[in-house]
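Next come two complexes, and both contain subunit A; in the first it sits with subunit B, in the second with subunit C.
And then the complex of A and B:
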């Protein structure tokens, strides 16, 4: 069980470091930190997408890829499954996690809501990278309404 | 035991290709290239047939006079192609499968290497050594 917190602490430090006060002020600096975190998550997602599906051909179509994210990827990263997956059947999926481990330590309710999105940047990149390895180009965004629940919106891009 | 091993990316360009009798490399490159068509055929055929369990190992792609060509595809659509000497009839299906499994594991390790950019040619020495160990047992 101790292994899970190791990643949580590392992740917290990553976000703190990239949002440190001596970074370039203004919105230009903030956007760069966000994309750095997403880039980190992307590369990790690419590697995980290669390592996790074992032996059998797991992904036949889009929905299989999303199910892989919700079950296998989430279980490997956060030791739990995604709580909800919804789709409009036209390439947009909303993944709902009611107890996101990286936000769990921040408290519950509406406190710290403005700070929460930066803690989701890495995970957005992670989902995007894993999908990329499985052959799907996507755009992933995240939103928080009440900690520790959060939603990830995945929009599949037609290549 | 293998005479030529190739790793082909999703976009069908080679990430890694090596063969043992180095004087006739072009012939092997050509064989691997033609085998890609067969691989694509098998992949699309699997998609249409309603098979519950899809395997990564594709089996014998096509036999020629002197050589047999085997294929394997990963979840990220990276293909491994192996050319084996036909005269070496002692090689069983299981052994080919285990060779592909080793290849897959080594490829996964390459992917997880932070110094490797996905899509580049594979230059990892560890991968090289593993491939050498598979090719060196030639008669």
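And then the complex of A and C:
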């Protein structure tokens, strides 16, 4: 019984709990669910960031910080590396995971693609929170074209 | 960076989110928070239970099931064993953890003892959910006398 499944099960149940169907469409329920999950992820990302080895905290190059997310952070969370990292060299980065573990339970293809965003909110916040601890302000969004692959887009904010 | 901290950080933030101060004391807010966290734990415990090796699922003696929680389940979650297991031989079991990881951030002693229950609800549900998968109905409660030690009381329900 692997420890990693504990995190994945807890994440799944937390999404189910916080993404409850909203009785009043006018109250911005889904938007609120997204930001609650994103906020949770941000704080967990910050906390994970504070556990980093000192050498990593000395990272000051954007690209090194992104490589850290793709390798060390992904390994700690999902026991693997991100599958791809691209940049336009102007502060925008696209991180690709071809088998994102938090989407694996949804099966493959596009049938349930509308349900995917709720499983990405926590991780968007987490990436943003980890970058924050490394000293970078960012906006992180996610997109899915075919489950269980997804892309995270990180846009660095100039301070 | 250990994977285990990921679960602990997520648990901490989930408690903070779901145990929000309640504006209306009449609405049973804290009671609802407890049952939401307990329900989340129950479902995670069931899911973990379904990942057990086949030999374990063949457990049919109460005491074997409890030993499984104290050793295998605790090791998978917290990388250690429970510190003590007692029974009155009439279906009541007391599981003692002298350094319960989900209470460690609260410091020692009795200063914050009133805050402790919210950090135990998820685990009470989880123990109950894992027992459910093993084929046992139970009621699980927790108590704290001095942080970070705690006791889980399991009362087996006759079917």
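Rule of thumb we're sticking to: the second predicted complex is superposed on the first by the 147 of 159 C-alpha atoms of A that agree within 3 Å, B and C clash if a C-alpha of one lies under 4 Å from a C-alpha of the other, contacts with A are read in each partner's own complex, and residues count from 1 in each chain.
Here is the rule we use: contacts are C-beta pairs under 8 Å (C-beta built on N, C-alpha and C of every residue); 3 or more make two chains touch, one makes a residue touch a chain.
For clarity, every value in this text was computed on a predicted model and none was experimentally measured.
Trainee: Mind working out whether A:36 is in touch with subunit B, subunit C, both or neither, as first, second, both or neither?
Mentor: second
Trainee: Name the contact category of A:51: first (subunit B only), second (subunit C only), both, or neither.
Mentor: The answer is both, since A:51 touches subunit B and subunit C.
Trainee: Identify the partner contact of A:134: answer first if only subunit B is touched, second if only subunit C is, both if each is, neither if none is.
Mentor: In the superposed model, A:134 contacts subunit B only, not subunit C.
Trainee: According to the stated criteria, A:72 is in contact with first (subunit B), second (subunit C), both, or neither; which is it?
Mentor: It touches subunit C, and subunit B stays clear.
Trainee: Between subunit B and subunit C, point out the one touching more subunit A residues.
Mentor: On the superposition, C touches more of the residues of subunit A.
Trainee: Determine, under the contact definition given at the top, whether A:60 touches first (subunit B), second (subunit C), both, or neither.
Mentor: first
Trainee: With the two complexes superposed on chain A, say which partner A:10 touches: subunit B (first), subunit C (second), both, or neither.
Mentor: In the superposition, A:10 touches subunit C alone.
Trainee: If you stack the two complexes on chain A, which partner ends up touching A:113: first (subunit B), second (subunit C), both, or neither?
Mentor: neither
Trainee: I'd like to check the shared interface: which positions of subunit A are touched by both subunit B and subunit C across the two complexes?
Mentor: Shared contact residues on subunit A (touching subunit B in one complex, subunit C in the other): 43, 47, 51, 53.
Trainee: Show which residues of subunit B lie in contact with subunit A when the two form their complex.
Mentor: 10, 46-47, 53-56, 73-77, 107-108, 111-112, 114, 118
Trainee: Quick one: in the complex, what on subunit A touches subunit B?
Mentor: Touch list, subunit A to subunit B: 43, 46-47, 49-51, 53, 55-60, 133-135.
Trainee: Show me the residue ranges of subunit C that touch subunit A in the complex, using the header's touch definition.
Mentor: Those in contact with subunit A are residues 1-7, 9-14, 16-18, 36, 39-40, 43-44, 47-48, 51-53, 72-73, 76-77, 79.
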